[in-house]
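Both complexes below contain chain A, partnered by chain B and then by chain C.
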Partner chain A sequence: MLQGFLASLSPASLLVEILGVIIGIIFGAIPGLTATLAIALFVPVTFLMSAEHGMIMLGGIYAGGIFGGSISAILINVPGTPASVVTGWEGYALAREGRAPFALSLAALSSGVGGLLSALALLFLTPALSSLALTFGPPEYCALLLFSFTIVTFMMDGSLIRSLLGLFFGLLVTTIGLDPVTGAARFTFGNVDLLSGFNLVAVLVGFFCMTEAVYLASEVFDESPSAAVKFGKEREYGALLKTMLTRAVTYLRSSAIGIFLGILPAIGPVETPFIAHTIERRFNRGDAKFGKGSVTGLIASECSISANVGGSLIPLISLGIPGSGAAAVFIGALTLHGLQPGPLLFQNQPVLIYTFFWGFIAVNLFMLLFGIFGARYFAVVLKLSAGVLATFIAFFSILGAYAINNSMFDVGVMFGATALAMWLRALRVPILPIVLAVILGPQFEQQTLVLFTTSESLKSVLERPIADVFFALSLLIVVFAVGKRLRN
Partner chain B sequence: MTTRLSALASACLLAAAFVSQSANAQPAKPADYPNRPINFVVSYPPGGGMDTTARALAAQMERVTGYQFRVENRGGGGGIIGNTYMATQAKPDGYTIGVLANPTLIINILKQGANFKKDDLEAIAGITFAPVAWFTRTDSQFGKMSFDQILAYAKKNPEKVKVGVIPNASFDMATRIVERQKGVKFTIVPFPGGKPSVVALLGGNVDISAAYYDEVDQYLKAGTLKALALADNSPAPQLPGAPTMKELNIPMASGTWGADRFVAVPRGTSKEIKNYLAYLIQKTLADPQTRDAFEKVGITLQAKTMAEEQQRFDESYAAVREYLKSIGELKAGQ
Partner chain C sequence: MLNFNLLSLLLIVLGAAFLGLQTPQIAAVARVYPLVMIALVIACALAIAAQELAGRSATPPLDAKLAKMLFAPMRSRIRVLGFVAVWLAYTGALPHVGFIVATTCAISISLWLLAIRRPLVGVATATAFSLVISILFATTLYIPTPSGPVDQLLTQAIYAIQHRGNSNDH
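Then we have the complex of A and B:
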């Protein structure tokens, strides 16, 4: 372990750590370009390095990319990666209050703390925690996903019917493509491109990036007084420290949730902030700003995403199981370096693994420092005119949608999602239940399917305590929410 | 010992490939080809076995030939989207080459009604073939049984043995062939990929998992999992203990139910370019350094020449067709 620590501090290691984080932040901050894409693009570059440096660099790109997405989410309400959607709600609202530097620094700090805690878990608890990934079977997944759907649909303000409609519409959309059992094509109308359904990244880029570009552009044409975000001048390091100390529990809770969800192979960084954010909401009922510029909400979101990245490396290294698209590319990269992630990697290459673990801690430290002290330089974005910004976002949205599978079809999907998002906004139908359904729907279908094929009776499902807790909580939420609405 | 045996086996295969190659002299280099990078199209997203194969091949081709090779991922729909692109849209100019997998491509045509035909693609080289194998946890009740004993148990207890598979692929079909030939009934549990199925096996949610060797290699070496049987008729060097279908008296087509990774060009590619490419690939695959590079990423090369690969394609096509016909799932008009 000590050997690994020293190796992670060699000049070459420090260089790849910094390089990885910077590349990641840049890719993450550009809407449409995701962490997965950055890793895939830089895999060949890592062949010029030793295996451990390659791993550290990819780890840095992964962590930096996930944080980078939050920068554009906070400054211009355009999540740079799908994981930053929740950060956008809180961070952009804060930015509009003139607290952009504070929100950016806080995001960096929260990301860094979540990442560091997960890196520590990775360093010390990997063998112990990796078994967690296997104890979560189909009943637990079904219950957890049902819980997420319930909490988002029933906890939203506004019309319950509209939220439910959105949820079911989203679930219906995810059934497009190949049936997971029979392989029959569903709702594809003979179109080959529809066989894999609508690509999630393309849909999210359409929902959040392109839509924002269109609204920005329309502001320019209307010549309406733009509600542009002003980047505040004040340095709020004191406030930052105070916020962090007073919300230590939120940090711990969100990091724990993030690490735990990261270890679960089926839940990746995109899903995590939704779940962490809704759970944190339950602990902060008094916070009227929750979801609309709450400091606690921002911490919960950022902390959990970064913790998820470290958490997902636990089963990746110890079991060879990827927890997200980015993690799958990461495994591919390791394989090309001649390292097969799995139970034997620890035994055969302990120094390499510990070098990577310490390197990952360093990566998170650099990310934290860049975020806190470099935040003001990101504000250059706000100096651009709305027209330039809109063009830039639109260009990268198209590029990003195309780059997923090198397919123009995904670009079409992205534009379709943009049109849908604008239509729904006009109808005042909330988009969040649809987003959640599109993200979690395929996993929900898959897990339900396995649950129904493998469990012999209802009893065998009810014998799983973790699943029972989530089922019971979901039921309680439904009863309370419906009861409350009936009384009003 | 086993590594030495497998090395010996690969050496023999390589030698065979080399001899058959040196019999044909080097074909003439087509004029002005290649004058720009050549693209390998992979019908799967980055990170998987096919992607690794294509990237390793691209790197070795660059080293041996000096030309530039790129990998282009066109994933989605379990391979059908990229396969359709290769068969219907790719230009037959020698710069767009598919690194593809059978029987997925054959199943696309015969079962899923893909809008292309077998003849739209021409195989020019075989890279490797890995048969599907069945694995179980060593500490489970099936870990102590042989494949025959498990089949006997399944016969007495229909639908009690849960087998994780990827539907509509070799995994699923090979498992169903065993069911039919032996008159047993498993509970077949569908998973979206090899990894989730192995996770379910490790977590005890299924009893047996149909997978490829390279997906479970680590667990075999660690002693957590053991191989029960191979869905092929010749033994695999990586799984020395696993009985073949022939040894178990289960009739099954050879070289079909697994991953046959091969290189193909779109129909209409000129004969000179096709022969020249096939020659370059054979030359690369016969190089000992290439073999080592592939071994390093967990792939044992089993190179096949253009003629051999086309023959295997035809045989697999006929075998899959016969199977789908027998269960009534053959797409109308095929």
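Then we have the complex of A and C:
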């Protein structure tokens, strides 16, 4: 372990750590270009370096990419990556209050803390956490996903029936493509591009980025007093420290959720902030700003995303099971370097593994420092006019959608999602349940089908305590929300 | 607004029903879940429509940004439509004319429509941006883009420069 620690501090290691984080932040900040894409693109570059340096660089790109997405989400309400959607709700609202430097620094701090805690978990708890994750079966997955749907739909302000329509509409959209269990084509109408369904990144770029470009374009001619984001002068380092100290429990809780969800082989950084945010909402019922500029909400989102990144590396290293799409690309990179992820990796390459673990801790430290002290330099974005921003957001949205599969079909999907988002907003159907359904829908269907086909009786499901807790909580929320609305 | 809502809900119901009619072509095991979702979507849409017709639904307020856009002066709305049309046309032109030409044209027109009053400044900005991005994508970020005649010339130039560098090394 000590040898790995020293190796991670060599000049070459420090260089690849910094380089990885910077590349990741650039990719993450551009709408549509995801951390997964960045890792995939830079795998060939790692052949120029040793295996441990290659792994550290990819780890840096992964962590930096996840944080980078939050920069544009906070400053211009355009999530750079799908994982930053929740950060955008909280961070952009804070930025509009003139607290953009604080929101950016807090996002960096939360991301860094979540990443560091997950890196420590990676270092010390890898074998134990991997075996715990393996006890999570279809009943637990179903209960957890149902809990997320219930909280988002039933706890939202506004029309319950419209939220439910949004949820079911989103779940229906995700059934287009191949059936996850039998592989049968559904609603594809002979179109080969539809076999894999609508690409999630293209849909989210359409929902959030292109829509924002159109709104910004319309703001150019708006003669009413501007509601544009002001960056603010104050640095607020004191407030940042105070926030961290007074919300230590939120940091720990969100990091724990992020790490655990990261270990699960199905829930990646995109889904995690939604779940962590909804759970945190339950602990902060008195916070009226939750979802609209809540500091706690921002911490929960950022902390859980970064913790998820580290968490997803735990089953990858110890069992060879990827916890997310990016982790799957990571496995490919390891294999190309002649390494076989799994228990034997610890025995055969202990120095390499511990160099990577310590390097991952350093990567998160660099990301934290870049984020906190570089916040003011990201603010150059705010000096651009709405017209210039709209133009370049539209350009990067199209490019991002195209770059996923080098396919114009995904660009079409992105435009379709933009039109759909605006239409549903005009119909007053909230966008959040649809987004959640689109993200978690495929997983929900798969786990539900597996649960129904493998469970012998209801009793066998009820014998799972973790699942029971989530099912009971979901039921309580439904009863509470419906009762409250009936009383009103 | 009531007409728009009812028409939209009718479209959702018809769309879901159309998908429902396709389900007999799907294997029995794979059709249950979509059928349940179709039924739930139709049920919710009909419930909202019934509420609207009965006048019992307290319609939530329209999204502020959308409202601002929809009720903007005609001149603004035409420019926004022009902006959307430019980027749709860009998508159509990209595979045919290549990345550099399509991007230069789209950014120039979009900037002229929305931000920059002097067209030459817009064209210069767009050309410089397209070239820098193309070179960056080709040499550093490795992001593939649709290729046209100008893109091929640039690729050949980059290859020639890199190759000359290698030849000098030898």
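For the reader, a short list of remarks on this structure follows.
As a working rule, the second predicted complex is superposed on the first by the 480 of 488 C-alpha atoms of A that agree within 3 Å, B and C clash if a C-alpha of one lies under 4 Å from a C-alpha of the other, contacts with A are read in each partner's own complex, and residues count from 1 in each chain.
Note that in this section contacts are C-beta pairs under 8 Å (C-beta built on N, C-alpha and C of every residue); 3 or more make two chains touch, one makes a residue touch a chain.
Small disclaimer: the values here were computed from a predicted structure and weren't measured.
Applying the stated clash criterion after superposition on chain A shows that chain B and chain C can sit side by side.
Judged by the touch definition given at the top, the superposed model places A:V411 against chain C, while chain B stays out of reach.
Touch criterion met: A:S159 reaches chain C, while chain B stays clear of it. Using the contact criterion defined above for the overlaid structures, shared-chain residue A:L171 touches chain C, although it does not reach chain B. Touch criterion met: A:L449 reaches chain B and chain C at once. Of the two partner chains placed by superposition, chain B and chain C are both touched by A:V181.
Residue contacts after overlaying the shared chain place A:L195 against chain B, while chain C stays out of touching range. The superposition of the two structures on chain A yields an angle of 80 degrees at the Cα centre of chain A, opening toward chain B and chain C, reported in steps of 10. In the superposition on chain A, no contact is made by A:T355 with either chain B or chain C. With both structures placed on the common chain, the touch criterion links A:S110 to neither chain B nor chain C. Between chain B and chain C, the minimal CA-CA distance in the chain A superposition rounds to 9 Å.
When the two complexes are superposed on chain A, the residues of chain A that touch both chain B and chain C are 181-182, 185, 406, 449. Of all residues in chain A, only 40, 43, 47, 133-138, 177-178, 180-183, 185, 192-193, 195-196, 199, 265-266, 319-322, 325, 328-333, 335-336, 338, 340-345, 405-407, 446, 449-450, 453-454 touch chain B in the complex they form.
The residues of chain B lying in touch with chain A in their complex are 45-48, 51-52, 55-56, 59, 72-78, 80-81, 84, 111-112, 114-115, 162, 167-168, 187-192, 195-196, 198-200, 202-206, 217-219, 221-222, 224, 296-298.
Interface residues of chain A, counted against chain C in their complex, comprise 27, 33, 41-42, 44, 158-159, 161-162, 164-165, 168-169, 171-172, 175, 179, 181-182, 184-187, 214-215, 217-222, 224, 385-388, 390-392, 394-395, 398-399, 402-403, 406, 408, 411-412, 415, 422-423, 425-428, 445, 448-449. Remark: chain C residues 4-5, 8-9, 12, 16, 19, 22, 26-27, 29-31, 33-34, 37-38, 40-41, 44-45, 47-48, 51, 57-63, 65-66, 68-70, 72-73, 75-77, 79-80, 83-84, 87-88, 90-91, 94-95, 103, 106-107, 110-111, 113-116, 141-146 touch chain A in the complex.
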